[in-house]
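The structure under discussion appears below in the form of structure tokens.
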Amino acid sequence: MDSRDFDELEDRAREKLAPGAFAFAAGGADDEITLADNIAAWRRLRLRPRMLRDVAEIDTGVSVLGARIAAPLMVAPTGRHRLFHPEGERATARGAAAAGVPYVMATTSTVTVEDVAAERRSAPERHSAPERLLAPQWFQLYLPHDRSVTEGLLDRVAAAGFGAVVLTVDQPVYGASPRAARAPLEAGPDIRAVNLPGQPAAAHGYGAAHSGTVTFPATFDDLAWLVRRSPVPVLVKGILRADDALRCVELGARGILVSNHGGRHLDATVASADALPDIATAVGAKAEVFVDGGIRRGTDIVKALALGARAVLIGRPAVWGLALGGADGVRDVFEHLRGELTRTMALCGVAKLTEVTRDLVA
Amino acid sequence: MDSRDFDELEDRAREKLAPGAFAFAAGGADDEITLADNIAAWRRLRLRPRMLRDVAEIDTGVSVLGARIAAPLMVAPTGRHRLFHPEGERATARGAAAAGVPYVMATTSTVTVEDVAAERRSAPERHSAPERLLAPQWFQLYLPHDRSVTEGLLDRVAAAGFGAVVLTVDQPVYGASPRAARAPLEAGPDIRAVNLPGQPAAAHGYGAAHSGTVTFPATFDDLAWLVRRSPVPVLVKGILRADDALRCVELGARGILVSNHGGRHLDATVASADALPDIATAVGAKAEVFVDGGIRRGTDIVKALALGARAVLIGRPAVWGLALGGADGVRDVFEHLRGELTRTMALCGVAKLTEVTRDLVA
Amino acid sequence: MDSRDFDELEDRAREKLAPGAFAFAAGGADDEITLADNIAAWRRLRLRPRMLRDVAEIDTGVSVLGARIAAPLMVAPTGRHRLFHPEGERATARGAAAAGVPYVMATTSTVTVEDVAAERRSAPERHSAPERLLAPQWFQLYLPHDRSVTEGLLDRVAAAGFGAVVLTVDQPVYGASPRAARAPLEAGPDIRAVNLPGQPAAAHGYGAAHSGTVTFPATFDDLAWLVRRSPVPVLVKGILRADDALRCVELGARGILVSNHGGRHLDATVASADALPDIATAVGAKAEVFVDGGIRRGTDIVKALALGARAVLIGRPAVWGLALGGADGVRDVFEHLRGELTRTMALCGVAKLTEVTRDLVA
Amino acid sequence: MDSRDFDELEDRAREKLAPGAFAFAAGGADDEITLADNIAAWRRLRLRPRMLRDVAEIDTGVSVLGARIAAPLMVAPTGRHRLFHPEGERATARGAAAAGVPYVMATTSTVTVEDVAAERRSAPERHSAPERLLAPQWFQLYLPHDRSVTEGLLDRVAAAGFGAVVLTVDQPVYGASPRAARAPLEAGPDIRAVNLPGQPAAAHGYGAAHSGTVTFPATFDDLAWLVRRSPVPVLVKGILRADDALRCVELGARGILVSNHGGRHLDATVASADALPDIATAVGAKAEVFVDGGIRRGTDIVKALALGARAVLIGRPAVWGLALGGADGVRDVFEHLRGELTRTMALCGVAKLTEVTRDLVA
């Protein structure tokens, strides 16, 4: 994969993938207003770069929950990677490790947590980084009705070495994607959410009409329980309001992921770029704030950090990288973004990320 | 009818209907600025969903003028349904009753009030609703020059069991629709406004050039008279200003329907979504506020309720449902919207509609 | 000409006219930003109609400089009408008189002032108006270098019965129209500005490259002189700033025509709709304020009056009417607009124009 | 070259030039957001012209750093002109001199500073100007790692008669242009940056993927050194923030060039039109403020001056003029702009540039 932009990457993935798999990954809810606005909102923001600063040495490194990573980038949790590449989440994990960035593995992965964890431990040295980086892996969690399922999963991912769990809270029910409904998945019986007991192959639900039945009924009480029960730190993903973010932090969440789930479940929400500043201001230093949705350029990353994010998560582009090049494709996506970030930092007059402050965005 | 969106529904209705009938229903005044802006205004609004709330049980029910209905939805008054389906308003009434939502029958209906009322009484049980719902029917009224005509109609609709009359005030004269003028109606002589004495078949006027002659000359004095004279509560439809709304309430109106008549008569008015907040704030608890115009999604419904509406009226989509599927088509449109509303509520963290407050909209 | 909209009228004129004549009338300066924005600015405004008012009798009449006219409409001064119709300005004058609206004849007319004046005096009775209306004619004036030319013209137009002169001040030099440059005029030698001594046929200048030579060098001193010298009241056309408007009024101007010359000379000015409110507020009752540029609908007229205009001038649509139907075409354009205005007033709840106040526009 | 607009000029240059040369000049960084917004931002601004002023004599002259020039226009520094015309920067210099405007020669020129300087001294008299103008030449400078290279260049350009050096500070690293990457340069070995010692032909870097290596590491310390060391005044080019501008002025910069490098290196910055007002206000009379980026019309020039610029720099259009007509083409571009400026000034009611004040822009 060369350095061309991610629109082209998506086009190439569309050509390669089965229509259902592409639509499953690319589609958004309803009229895809939020899907489009997520991208547009970053583009609307304007940079106010500083000049004549010493940018001889650019350091893209940052720490997340105490772990040093190569760049303020993570692989966002997305499901069912064997739809996109035979190696599935193994390849994703290997690519992320090679790029020195965290992989947030999804509950609905098609590879076991142990296999994913093994890929991290065997990652080669990153010679281009200033130090030997072994970026953490986190595990994205839904809360099903049965807490014992969650408890089993928590102990298993902690034992496998995952550094945190990320509770997704913005999908109590599935959204409806007209695009996905027009191109249904034709997944074979072996593409299953193997980490969930008894989960059938076709149970992802996304894109289908539905009854409104609550599938993942997490409440603040559940969050409090999870914080107590989890052997590893808990972050909350899917927050779009400052009041919700603060309550999560009060209940013990160590991080807030500002997200609208890539516009996949509730359409017409605020774009993540528009939701971020208030939340980051409210949370302040009480927890770490992250954001995903629509980030496609190094300039978007700097904008997100200027608005208060510690790092950003990359969803669909990582899937396209996986589809087109397996582990190398994933690595290339993140190396490319890190390259753009490096250049953007130099052009903005910031040598390290702590210098990225609010005034860089108009 | 499956769960696809209403743009597709309109396309299918366009293929099925005679050009004149389609244009009569679909068209708007002049340059159709308001027709388009009604839809765009809802889309411009952004939701700020709440997370981690208990949404295990979603209740879409609400009461309107004291009557419990299945969802904050009504069939907006639109005329001449036998242009769209042989059963005309009988089918509409049956579909609304099956969905558990009120039908606001239009003065210019092509079926008698008694026949429409009979459809409600014979509606089957709604098994999917938490209780046996028999949603009310309301009657939309124009004030012709001759008050005795109105008096006869009032007594007749009250006797037939209609729960309220809705006075339309935004059409003292007809607007002009270039689209409708290009595709004139070819209604047969038997498609008449049968509830008006001596009304000829082609007298609807909409879309034609005209002399500006006042056809329905309602004033505040007329409203005061109507409130005194009507055996049932009176609501006013077509209000776009807070001062007008307040004066109607002072004169005894029990409800205000914020509406620009679907952009059919005066072009370039404020979109109904933009007019709603001021009116709802001004009226407060003194009357019930409703809105129509451009609502196409469950997210639009939540936005309308967040801005102060108690329920929303659905016009054109109901007509397309009628055209494509008769009573079942109408029912499906409202069941589909109720499904979208249920999902939207869950995704917004609200279990019942009283929890939909102003802060849900950015 | 039927009641269809003016976009269609322009399309039909484009088909009928020679390319150069059409481009001369239709084109704007440079990138035609102002040409487009003049129309868009009216469309951006939203009406807040009043309901339940007594609109049984709509009166579109208004007085301008003390003369009663049928509607708040005038024929804007545009030049060289024999390019568009063999009768030229005679037809325009006859059409305006038949519609009961003032004709502002241009300096660059191709018919003598006496012939134009004669058309007004022989105008037939307007049976549709409440009274016998004989709308005034005004004369649009440029100030050439030689004041004696102006003096001759002033005395001549006053003798012919013109009720006012309108000094155009926004064209000290010609603008450049790329559109007009691509389709040059092929006017025959007999299409001349016959009211100017020794004016050659091709001297209009518009659309050509130029040296910036000042052709019509009016200053405030010239305006003061004109007010003293003119036998009839003086208005100023082409004002876009409140300070300029006030200074004109202080020097004796009886009216201000807010205008950017239809976007023909200076591009990227404020749209006339956007310039109007400040000027109208500043001028108040000290003079009468008019506006032209982009008005195409009855709703635009009500918006203009709500923002402080006493009447509006119609330029290009009048030319298209002239091209397509001669005097009848001009009359039809204004009767059509008056019809739209009547309907708009009824739908806005205003029975006479004094009821059109600022709050009608959002 | 006739007086048509610059979009057409670019189209004609695209047809004539090799794809790589065209893309090198025309392209912008990443998604070309800033490239487009630079143009759009000027277009969004609206003029508030003054009327009835004495514009019989328009004077477009202005002084820059004490030198009188024919118009507030300069040739922006752009590189490698022999890609566009065999005479390269000699032709550009001759064209600028013929138009009476300064030429800011780029470091990456393909002709020696002495040859460029010679073109100025042999420039013919400008008969159309009020006086014999010999506009200055300035030299654009990058700071390479080795200060001795800079010192040699400084002494050489001063000796050649250049009136100032313009330090470009917004390109510490190269940006990436997908457009340029798709159409690589095929420059022959003789198209070199001849004024830099040992500079290879293909070393421009622009458009290629890159490692983020800092190439031109200017800091405020370097600026302070340059101000002390330079025999001629120093200006700073590439400033987008008021705080940076003020610090440059405090360090001795005599002028600030507000610029985002034509959108070539950092995408999604503020448009230069949007950055200008704050900087001009902050700098006030302490230094001279200039601007480039997206200026294509005489109206844009007046807007820039109204927002605080003393003169504007023209980049790509000058290159198109060079490509299409050599020295004459460059001269024509600037004579055309000066003509548009003259007309715009007359139509705005300003006879000299000191009358262009902030209130001319809405």
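By letter and in written order, the chains are A, B, C and D; residue numbering begins at 1 in each of them.
Rule of thumb we're sticking to: a contact is a pair of C-beta atoms (placed from the backbone, for glycine too) under 8 Å apart; a residue touches a chain by one contact, two chains touch by 3 or more.
Note that the coordinates shown come from a computational prediction; the quantities given were computed from them, not determined experimentally.
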Minimum number of chain-to-chain contact steps, chain A to chain C: 2
Copies chain C and chain B - interface residue numbers shared by over half, same or different: different
When chain C is superposed on chain D by its C-alpha atoms, the rotation angle in degrees, nearest 5: 90
Chain A-chain D separation of Cα centroids, rounded to whole Å: 43
Chain B and chain D, separation of their C-alpha mean positions in angstrom: 61
Shared interface positions of chain B, touching two or more other chains: none
Pairwise chain contacts, counting only pairs that touch as defined: A-B, A-D, B-C, C-D
Of all residues in chain C, those that touch chain D in their complex: 30-31, 33, 37, 169-176, 178, 181, 209-212, 214, 217-220, 222-223, 236, 238-241, 244, 247-248, 265-271, 274-275
Partner chain A, residues of chain B touching it in the complex: 2-5, 43, 45-56, 58, 297, 299, 303, 339-340, 342-344, 346-349, 362
